[in-house]
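Worksheet for the structure shown next.
Think of it as A, B, C, D and E in the order they're written, each chain with its own count starting at 1.
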Amino acid sequence: MSERTSESGGSAVTTIGMRVDGLTVDLHTPRGTVRAVDGVSFIAHRGRTLALLGESGCGKSMTAQAVAGLLEPIAEVTHGEIDIDGEDLLKVSRKRRRQLAGPALSIVFQDALTALNPVVKVGVQLAEPYRIHRRMSAKAARAEAIELMRHVGIPEPESRADSYPHQFSGGMRQRLLIAMAVALSPKVLIADEPTTALDVTVQAQILALLARLRKEHDMAVILITHDLSVVAEEADTVAVMYSGRIVETGPVTEVFEEPLHPYTRGLLESVPVDADRGAHLSSIPGSPPDLFSIPPGCPYQARCPLVMDVCRTDRPALITHGDRAVACHAAEGVHDDH
Amino acid sequence: MTTAQETPPAPEASKPSWFRMLLADPLAFIAAIVLLIVAFVAVFGRSIAGETATNGDLALSRLAPFSTDHGWQYFLGGDLLGRSLLGRLMVATQTTMSVSIPVVIISLVIGASVGMWAGYHRGWRETVAMRVADVVLSFPSLLMAVVVLYIFSPSIASIIAILAVTRIPIYLRTARAESAELQSRLFVDAARTFGTPSGAIIRRHIVPIVLPTLLTVATLDFCYVMLAESSLSFLGIGVQPPDVSWGLMVAQGRDQLRTQWWLSVLPGLAIVITTVSANLLASWARIASDPGQRWRLTTPRRRRAARPTIVLEKA
Amino acid sequence: MLTFLRRRALTSLFPLLAVVLGVFVLARLTGNPASLYLPENATAEAREQFSAANGFDKPIWSQLLDYFAGVLRLDFGMSLRTGEDAATMALRAFPATLQLAVVTMILAVAVALVVGCWAALRPNGLADRVSGMLSMTAASVPDFWLAILGIWVFAIMLGVLPTSGTDAGGASWVLPIAVLMIRPAGVLTQVVRGAMISALGSPYVKVARSKGASEVRVVTRHALRNAAPPALTVAGDLAVGLINGAVVVESIFGWPGIGKLMIDAILQRDFAVLQAAVALTAISIFVLNIAIDIGYALLDARVRNKAGAAA
Amino acid sequence: NSGADGSGAASGTLRVVLPQEPPTLEPCEASLTATGVVVRSNITEPLLERNPTSGELEPKLATEWTQSTPTLWTFKLRPGVKFSDGSDFTSEDAVAAIERSANNTTLACNVQGYVFGDSGKLTLAAPDATTVTVTTEAPDPLLPLRVSFIEMTQSAISTTTKVREPVGTGPYKIQTWAAGQKLTLATWDGYWGEKPGYATAEYQWREEGTVRAAMVVNGEADVATNLGADDGAGDTAVQYPNNETTALRFTNDQAPLNDIRVRQAIDMLIDRDGIIKSLFGGLGKPASQLIGPGVIGYNEALTPTKYDPAAAKALVDAAKAAGVPVGTQFRIIGRTSQFPKIAESIELMQSAFAQAGLNAKIEMMDTAAQLKYQLRPFVPDAGPIALIVMHGNQAGDAAFTVGQYFATDGAQSTGGSADLDAKIKAAAPLTGAARQQAYADVFQTQTDAVRGFAFLANMEAVLARAKTVDYTPDAATGDEMRLTDMKPKA
Amino acid sequence: MTTDLLLEVKDVSKSFHVPKGPNGNDRLRALDGIDLRLGKGETLGLVGESGCGKSTLARTLMLLERPDTGTVRFSGVDPFALRKNDLQRHRRRVQMVFQDPYASLNPRLTAAEIIAEPWRTHKDLFTTSRDRAARVRELLHLVGLRPSDANRYPQEFSGGQRQRIGIARALALGPDVVICDEPVSALDLSVQAQVLNLLNDLQRQLGVSYLFISHDLSVVRHVADRVAVMYLGRIVETGTTEEVFGHPRHPYTKALLSAAPTLRRADRDKTEKILLKGELPSPLDPPTGCRFRTRCWQATDLCATPPPASADPHGLGHTAECHFPLDGRVTAAR
């Protein structure tokens, strides 16, 4: 891929926000060391949304935390490169890493209630990025924080700045978290399931907010979710993860219209559709493999309707084809047709 | 019909074994050995120690330690009555344990049952139980000790009774807090929907979950009880001779601290070593039984001291 | 907040009364103090006279009524032993213990915070292990023994501190406080360490790190305040426990406090003094509990809002 | 205040550390050790006082006293004596003081019961400013001795409540009393007698003997009393007899203690020399009777029983053969910290008893609980008991011992016999050598025929004394520590 | 539709005592005059935003909460009036599947013990342990688990498998009605389909009725015969699934439908999303009159007065509580 790339349909030229290459995370668990993220690579363009899609436990959050440098001690990044503006986040000094946290890269967590410090006023929490990175006075930072709150649509920000997180509703809390993350106009924003805990009406508000901020700040947004519909509506490109690996990537419209990987296809088919009420849904049998007993070959082999002998022995590589890429032995033929 | 699940069962064999996890923490391993020795001595000490532990020879009064001239029993020296200190320590182990263990068990059982009952039912039962616990906690336990020892004659049973009463609130509070939380859990609600009576719910669902926490508290409390018993001895209302406990030995030997230091230092050391071992083992058990913490015992040592964040330094 | 305090005060009033009542009844179970206060060969009439003079001959409920009637007039009765007003004696002894307890707790908390945080930053690291062992040992040494050892080492062998008493200024505080604080400091260190470890693992700490906050900032601004409540609870219990510890330290160091007054009153069956002293400590425990609740509320706004909730 | 430099004496302050704070300084409570040791002869003074060494009564505020009739005693007061507030000491004051201490039952002073308990009401008069007459209901040869226990106070002093801080005629007056911390006495100019060696005296109190000793060793105090041998007074230690005798008192009517062979055996099983040497660190002498030498009535002929386990075993076996249930359990009751190493001493005895086939159980109690066993009315149905008693005869006359401990109905007696009661009664009115002889006989009879006691030791204690102080403790030091006897060393 | 009425809920209200809110109010009205009916073999879907009272209603039906006012009748009997044996017999008829498959199973019990737990209270159902073991095996098979799973602990199962255990437990007493409180919202898409299929199959086999609670519109649409939409403790719209989804009459229902993301971007691009203003009001002080008026785009002053009783203009059992009910055709017009 080139430094500059053109969007599938349009002609707009976009800048690369972040490039992740071969990211591998090992977990040192009591039962032994396992690979939770296995050679994940993707590129996030500024002003665009990249969706990381996958079922619970497939390693989405682990990837996000590895990128943000927030892994638990149990986890260790063993390979990979995370490149933002020519700097490899995994190689820079601890101090430099801190300097980049905020202006270059920031993250929004799934559970807004626990991600906000329960005992610190939200105004103070929102002011922190300015205090840390711009060394502003408490007063000036507070003013910025209030501006920020207004920016994300919190009514009466002056008085609400002195409230505590529990005094906000779930949607408001999520707005606060997002506000904190975009405070320093980061180049890359990782949003780890920002709406999973929210109601549909609130989810719609938050997603709209994210989209607005993305445009205003020209951020590369990495949206982590397991909701196909959200991906369909919000993302430009999608990377489908399964068992710690990316099994398929591509522009959302194309991937959803014509999924190449049987897993993606399975997922799309299990969505209940209005038409056939009460009908048998087609579902993916079984559940994802335990990290400790990932079979050799393709991790999806046990659930795959197209499983072949080669799937049990050889691990399919992620093969790029134009905008899209897929890791499946059975899809290789499809690729050729494509 | 829907398809049966294909997931292979979790490999049992790869679950970390307790013994391996114990080996992984050398301090806890040593602590376990120490406690085993203490337990052994508590059971068999009296017979091993022999005559010299109970019948002294005034000629050997205040014999200095670390010499085997008078037999191994006198390796740690002799006390004022010329009894072997080592033997006394061994005999005292039994008394010390037969005070502290029953205290811990009694207060655990009473405190835990009341606490779980109060926490499960909430409402006035909870309020009353907590206020009673407050009363016991703000009561001068020494007064209680004097009263009990006045009304009943001073005996190990009375000491156990006093100490147990003063420790009940500790378990009561913990058990209440945990069961108040558990009673709102869904699986308890589920049991309610079958019409299960509250006693059965507490037995089946609350007890098994609260117990591990309570046992950890109990281990830590063990240390407190030994100290409290020695404080009672300091005031002269603890274990009564000819019974002997570590606490009593420390208390009686304090006058000789400057001349025959071993009379109080060695039993004091016994208390410290035992309680530190119990604490070490308890904190190990807490980690080992918590799936979220277990990695500390199973990850290679090199990684354990790592910072909570993974930040790779410039090579 | 105010309704909360009022509520808390009301629910705590019951234990307060129960303690005073309990002490009254229990004390009387320890027998008539006539033989302690009358000469060895006092006659039966003298004994009866003594009992009547002090009201010990009345049924216990009537004694109790008299007592509470007195308490309402702030009259706690006379000391059998010194003939002084019992409340005066208790109030006179109280400040010494209070000062000792306050300084002890402040120092213990300070030590625990520093050591606990330090240990929590690298769980299972060398610092953690060493401080863990030390704090466990500290928590398991008998205090009276430590007191005598301290006198021997620091006063006699090294000659740097006075053996006891209160008149050598700051130096007289060193040993009593060191002895008193060692157990609370040990226990608290462990609590702070545990609470800090869990606070440091929570999502908001991750968020703070993701904002580029330094370790110091993460610990002081974010983790510590969240780790404080459990430490506060335990510190409260330990402070209550200091009353018991004070007995030993006060009698060894000749510190004129309420712990010593109380144990003397118990041993001398000086009921009025005992009751006054217990009432005073119960009130201070009551105040302490409320202070802890206020501390909770200050530390954590969630508690403030829950304030009015049913207990 | 002088700290660790030990220059207390030079500044004219004597620092004394006591085991406990005086609960009150009320003079009529001076027979309480904690009060008397501070008050007596320092703040207030009696009319006359007993020389602890010679046993003779010596003049103090009275210059002479005579028994005008068998029931009338006349005391001549020292002229020119003033109270520390400047007022004169007159016969009216003396009458009021004696009346208050000896006759006043509302106040129930300790002295009243202790010294005057069995001597009926006194009738007092003050014929002139320097004369006091005392009329007794029955002839009382001991009246002057009894009066020596009464501290003189002002006539204006309350007769209904006790005073905490009295005004007396002694060399010192109370300067400050910071309750719980320190009591300071200061000399005053108008004292009638010899000027004391120190301008001020400071009392402090520490419960632990080791701490008291450490304070003297460390230069924080000049004198510390009531130390044990192990308390570490080092070269500041001075040994002194403290007037106390320890013993086991038997309930003579309860099996197995109702058999005199068993009681004799117990007596033989006490290793007095061993206890004194190994436990008391050499402090004390084996005792043969309940009083020490120097007290009127002390029987020189009695000797401490020899430790003889074999003979004791033989006695026990003999008793057993005669059908005595020697295996029945009896209790050894002791009072916690009554004297140093009491628990260890009892333990040693108990183990010796066990080896001889007796079954003893140790019970240590606090003072209040133990007193129920020591004083009448005794705990009913308490079973066989060997109670550890410690008796101090401060008055120096056996009358103060035998009536209480040996008479069948004595306040602290659980034995006795009709014969012994008669002898005790007969001895009371006697004087001089006859008195000595009669009481010596009482002790002999008690030991031979009744044996309600097994005596342990005439106790001694250690006093720590800074090098700068010149003072020799005597038998009375524990009860009455005269500051005037203490002088700075040159 | 409701030929054989099994469950009837009339005007049920429930409020909780809570800490005082900003307005000094300490009664939280979780349910406010709920009316519901459930027929035999029918599935009633209940949708609504978080906190609107869905679980409270479920818990009330399970007798875990006692309503303040109103009546609940199962086959004409008020279960709250039942005592002892009658009550136990009633409990067998109504069972519940819980929202959270992780929290609703005791981690210390094996799957078999969990499924057999109801019989420890209802001892007369299976008297011998052999019978019980056999029935546990049957139930395991019924919900698509293997007999060998019987002795495994909940944490050894995946979320979907756990939910199957929960369902098996609910079936252990042979109920007529199963109340499913968000049975699939904690599950992944691929697993969700498995569980929905299972519930569907069971209904066909056993003829049970479901009260199916969910906040996921597509799921409700898939399983329910009739739908009730709940907002702030009230049912604002009911009707057959086709009616409600096809022609929503309450503005809230419409907003809900429009806010839900769909897979078909093509559809989406045509219809504009209705982005509601503001948040769900606090149930501590709900708006007067129509509860939705604070967020409704067509609210007028009239809406501050209580909304009219549900009207059913087309006689299709499609009711909505609104002053200005939307015409079914409005959707197409927009």
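Assume a residue touches a chain if its C-beta (ideal position, glycine included) is under 8 Å from a C-beta of that chain, and two chains touch if they have at least 3 such contacts.
These numbers were taken from a predicted model, which means no experiment stands behind them.
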| item | value |
| --- | --- |
| Farthest chain (mean CA position) relative to subunit A | D |
| C-D compared against B-D, more contacting pairs | C-D |
| Chain centre separation (subunit A, subunit D; CA means) in Å | 90 |
| Cα-centroid distance, subunit B relative to subunit E, in whole angstrom | 49 |
| Computed distance of Cα centres, subunit E from subunit C, in Å | 53 |
| Residue list for subunit A, restricted to those that touch at least two other chains | 69-70, 72, 283, 285, 287 |
| Two or more partner chains touched - positions in subunit B | 2-3, 5, 7, 10, 146, 150, 235, 254, 257-258, 304, 306-309 |
| Multi-partner residues of subunit D (at least 2 other chains) | 210, 232, 366, 368-369 |
| Of subunit B, residues touching subunit D in the complex | 54-56, 58, 61-62, 80-82, 146, 149-150, 153-154, 235-237, 240-242, 252, 254-259 |
| Contact set on subunit C toward subunit D in their complex | 30-31, 33, 35-36, 38-44, 46, 49-50, 79, 81-84, 89, 92-93, 96, 148, 151-152, 155-156, 159, 162-168, 251-254, 256-257, 260-261, 267-269 |
| Residue ranges of subunit A in contact with subunit C within the complex | 65, 68-70, 72, 98-102, 106-107, 109, 111, 114-120, 128-129, 132-133, 164, 166-167, 177, 180-181 |
| In the complex, subunit E residues that touch subunit A | 49-50, 158-161, 188-194, 196-197, 200, 215, 217-219, 221-223, 241, 245, 255-256, 259-265, 268, 273, 275-276, 279-280 |
| Residue ranges of subunit C touching subunit A (in the complex, touch as defined) | 201-204, 206-214, 217, 221-222, 225-226, 299-302, 305 |
